[in-house]
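Just below is one structure, and these are the notes that go with it.
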Amino acid sequence: MLARDADRLNGIVREVAHTHAFPVDVTNIAALEATIDAVEERLGPPDVVVHNAVGGSFGGFLQIDPEVLARNFDVNVMALLHLARRVAPGMISRGSGTIIATGNTSALRGKPAFAGFAPTKAAQRILAEAIARELGPQGVHVAYLVIDAVIDVPWTRERFPDRPDHFFINPAHIAGEILHLVKQPRSAWSFNAEVRPYREAW
Amino acid sequence: MLARDADRLNGIVREVAHTHAFPVDVTNIAALEATIDAVEERLGPPDVVVHNAVGGSFGGFLQIDPEVLARNFDVNVMALLHLARRVAPGMISRGSGTIIATGNTSALRGKPAFAGFAPTKAAQRILAEAIARELGPQGVHVAYLVIDAVIDVPWTRERFPDRPDHFFINPAHIAGEILHLVKQPRSAWSFNAEVRPYREAW
Amino acid sequence: MLARDADRLNGIVREVAHTHAFPVDVTNIAALEATIDAVEERLGPPDVVVHNAVGGSFGGFLQIDPEVLARNFDVNVMALLHLARRVAPGMISRGSGTIIATGNTSALRGKPAFAGFAPTKAAQRILAEAIARELGPQGVHVAYLVIDAVIDVPWTRERFPDRPDHFFINPAHIAGEILHLVKQPRSAWSFNAEVRPYREAW
Amino acid sequence: MLARDADRLNGIVREVAHTHAFPVDVTNIAALEATIDAVEERLGPPDVVVHNAVGGSFGGFLQIDPEVLARNFDVNVMALLHLARRVAPGMISRGSGTIIATGNTSALRGKPAFAGFAPTKAAQRILAEAIARELGPQGVHVAYLVIDAVIDVPWTRERFPDRPDHFFINPAHIAGEILHLVKQPRSAWSFNAEVRPYREAW
C-alpha cells in the first residue's frame, strides 16, 4: 500500500495481515520510483498494481483554485503513467500482470461542481485505455473500474450522517470486484467495469 | 435452457448435469409464456434468467432482406421484454433475482455490414438499461454483458479455421463472468460488463 | 411531407409555400413505397430525406403494452430502413444527397419510463450510423440529430402549460439545424448532431 | 489570434482582414492573462473565444517522455480553464458569448500511440462540458467540436504527400462549422459537434 499518511497505512498494516506500508506522495516522481524499488526489494516484482489514489475537489470552474486541477492531474494521471512505466516492462517480460485504476462517473461526464476533478478522471480513464490496448496483446491486463457511489468509510459516514446503509458501497465489495478482474482468465478480460449499490440512481 | 432446436438442447442435457431442455421459439410469445409456466412448474420460479438468444445476420442495408431486421428485433428485444415481464413480478416480490442479457459491440456502434443486426442489439441494451433502473431499487439485478469476440464453438472453428486459439473467447469463461454478475453483492452491482480475449483489438 | 393525418398535412401546405402533402402510414411498407413513387413523379428524386416520424409512449416495462414497443420499432426503425433503401440508390448514382433522422436522448440511454420507446430510438441511431458509414464514401450524407427538448407546438404547450418559453425548443430552429447539416460541405460532415435550449439541464 | 509564433501570426494578419496578432504561450498563465487584457483594451471584451491550441505527440506510454503529457495538459486543459475563467464573468454579465474548444477523436478513446495526448483531449472535453452546463443557463454557449481528420495545411500535405485531396478537412470548413455554432439561436444550442471528410472511415 502506497499513501501519503504513514499513520493511516500503519494502522491498516496492524489490522490486515500480509499488508505493507510504503508512505509516499505519488506526485513526487522520484519518491514514487524509489518506493517501487523498495517494494520490489522487499516483496518482489508486483503482479497486481491498483491505482486508487484520488485527488478530489468540489466547486465550479470559477470558484476553484486552478492549481487544484493541476494537482489532481498529477495524482490521477501522471502518477498512473509513472507507475505503469515502472511496472509494465517486468510484467511484459513475465507475460502476465494486472494494472487497475479506479474512478467514478466523473470519468464519463463533466458536471459543473466537478470542474476541478472530472477532467482528470476522464484523462485517467483514457490513459488506462491506451495502456490496456498496448499491454493486452502482451499478456498484461489493464482495467478501469468506475465506482459509482460513496464508499462506506468513517469520514463519509460523518459527512452523510442521515443516509441509510444502502446508500454506501462496501469497500470489501469493491475489493471483491478488483479481485475478480485480477482473476479473469485471459480469454475473457474486461477493460471497463463498474459497480454501484442496488438503490443508486444512475 | 430455452432454444428452438430440441436435439441440440437434449445433447447438452446429456452432457451437463442439472440442465433441462425446454424447446421453444422465443419469438412465439404464447409458446414462450407457456414454456416459462412449464419451467416454473418443474423447477420453481427462476432466480436467474439469461437472455442469450441472438438473431444475427450480415450485410449492408441495401443487401439485407428488411424482414431480417424485424426478425432480429423479435428475438433480441421483444423476447427480452416478454421474458422480463413474465419473471420480474416474482423477483420483485421475493426482493431478489438476476436478469442478464448478452450482446456484442454491435450494441454500441453501427458498422455497415451489421445493418440488419446492430440496431436490435442497441435496442436490447437500452431496454435492459431501462429495466435495470426500474428493478435495481427493488432488489432485482439486471446486467448487460458485451461479448467482444467470436465464441469458441464447433461452428465458429469451422468458419474461422485458420485462427489461433487465442482468437476465440472460451464459452466457459463467459459463463464464469455471468456467474460473477449473479453473485455480486447488492452494494456493488454492475450493469455494463464486457469481456474480450487478451489479444483482441478494440 | 409524409404523415398519417391528411388534414394536418394540408393545413401546413396552405401555410407554407412549396410544400406538398403525401398522407401515408410509414409502417405500411407497400403504401410507403407507392408514396415515394408518387413524390418522385411529382417532384423528381429527393435530394434530402428527413425521417422525423416518431412513435412515442410512456410507461415502465411492466406497464406498457408490449405491442407499443413493436409498433415504435416499425415507425422509428423499419420505416427508416425502407426509406433509405428506396432513396439511397438514386443518391449513390448522383453522388449526392442527404438523409437525416431525428431522435432524442432516449437514443443514448434507457430511463424506466421510456422502456417502450427508448430501445427503438437507440436502434434508429445505430441503423443511421451503419447507413452513414456505408453511404458517406459514396457522397451521400447521413446524420442523426438528437433534439434534447420538448418542441414548441400547440399540443406541448397544452401539456406543459406552466413552463416558460425558454423550456421549449423552437421548431424553426430545429429546421435551421437540419438545413445546416444539409448544406455542410463534404470535407466537413457531421453524423452526430444535437440541439437543446440554453437552459435545459443535461 | 493567440499563438506562440509571432511571425506566423503576423503572416495571417497580412493575409486576412480584421485579424490581430497577440503572440503568447498559453501555458504561461501570467502572460496569457496580460494578453487577454491587451486584447480587451484594443478590441473590447470578446464575444467568441475559440480554444484551438493543441499540444500533440505520438508514441506509446513507454516511449514518450512523461513531461509531454504534462505539457499537453497545460496547453489543452489548463489554458482552457484560465481562458474561461478570464472571459466568462464578462459574458455572464452581458448574458451572451460563446466559448468553443476544438478536439479530435482522442477526446473519446485512448489508442496506444496517443498515450501522451489523448488523455488531455478527454480532459479538455469534460472540462468544456462542466463549463457548458454551468454557463448555458446564464446565456453563454460552450461547445466542443471534434475534428475527425487531418487538417489541410502546408505541413500536413508535406507529411502525407500521397493522400488525395479528399483525405483532408478544409480549414475554411472547420471555420464554417465554428461560425454555425456561434450563430445558433439559444433555443437550439449544440454542445457536442463533430466534422469529418465524407470519405473518412470512423
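Worth pointing out:
Every chain is named by a letter (A, B, C and D) in the order it is written, and numbering of its residues begins at 1.
In this text, a contact is a pair of C-beta atoms (placed from the backbone, for glycine too) under 8 Å apart; a residue touches a chain by one contact, two chains touch by 3 or more.
All of these numbers come straight from a predicted model, not from anything done at the bench.
Think of each touching pair as a link: the shortest run of links from chain A to chain C has 2 of them.
In this structure chain A contacts its sequence twin chain B using mostly the same residue numbers, the overlap exceeding half. Its C-alpha atoms superposed on chain D, chain A is turned by 180 degrees; the angle is given in steps of 5.
Chain centre most remote from that of chain C: A (centre = mean of CA atoms).
Computed centre separation for the pair chain B/chain C is 30 angstrom, with centres defined by C-alpha atoms. The centroid of the Cα atoms in chain B and the matching centroid in chain D are 43 Å apart.
Residue positions 133 of chain B each touch two or more of the other chains. Those chain pairs judged to touch are A-B, A-D, B-C, C-D. For chain C in complex with chain D, the touching residues are 133, 136-137, 139, 141, 149, 152, 166, 168-170, 173-174, 176-177, 180, 184-202. If you check the complex, the residues on chain B that touch chain C are 29, 60-62, 66, 69-70, 73, 77-78, 81-82, 84-85, 88-89, 106, 109-112, 114-115, 118-134.
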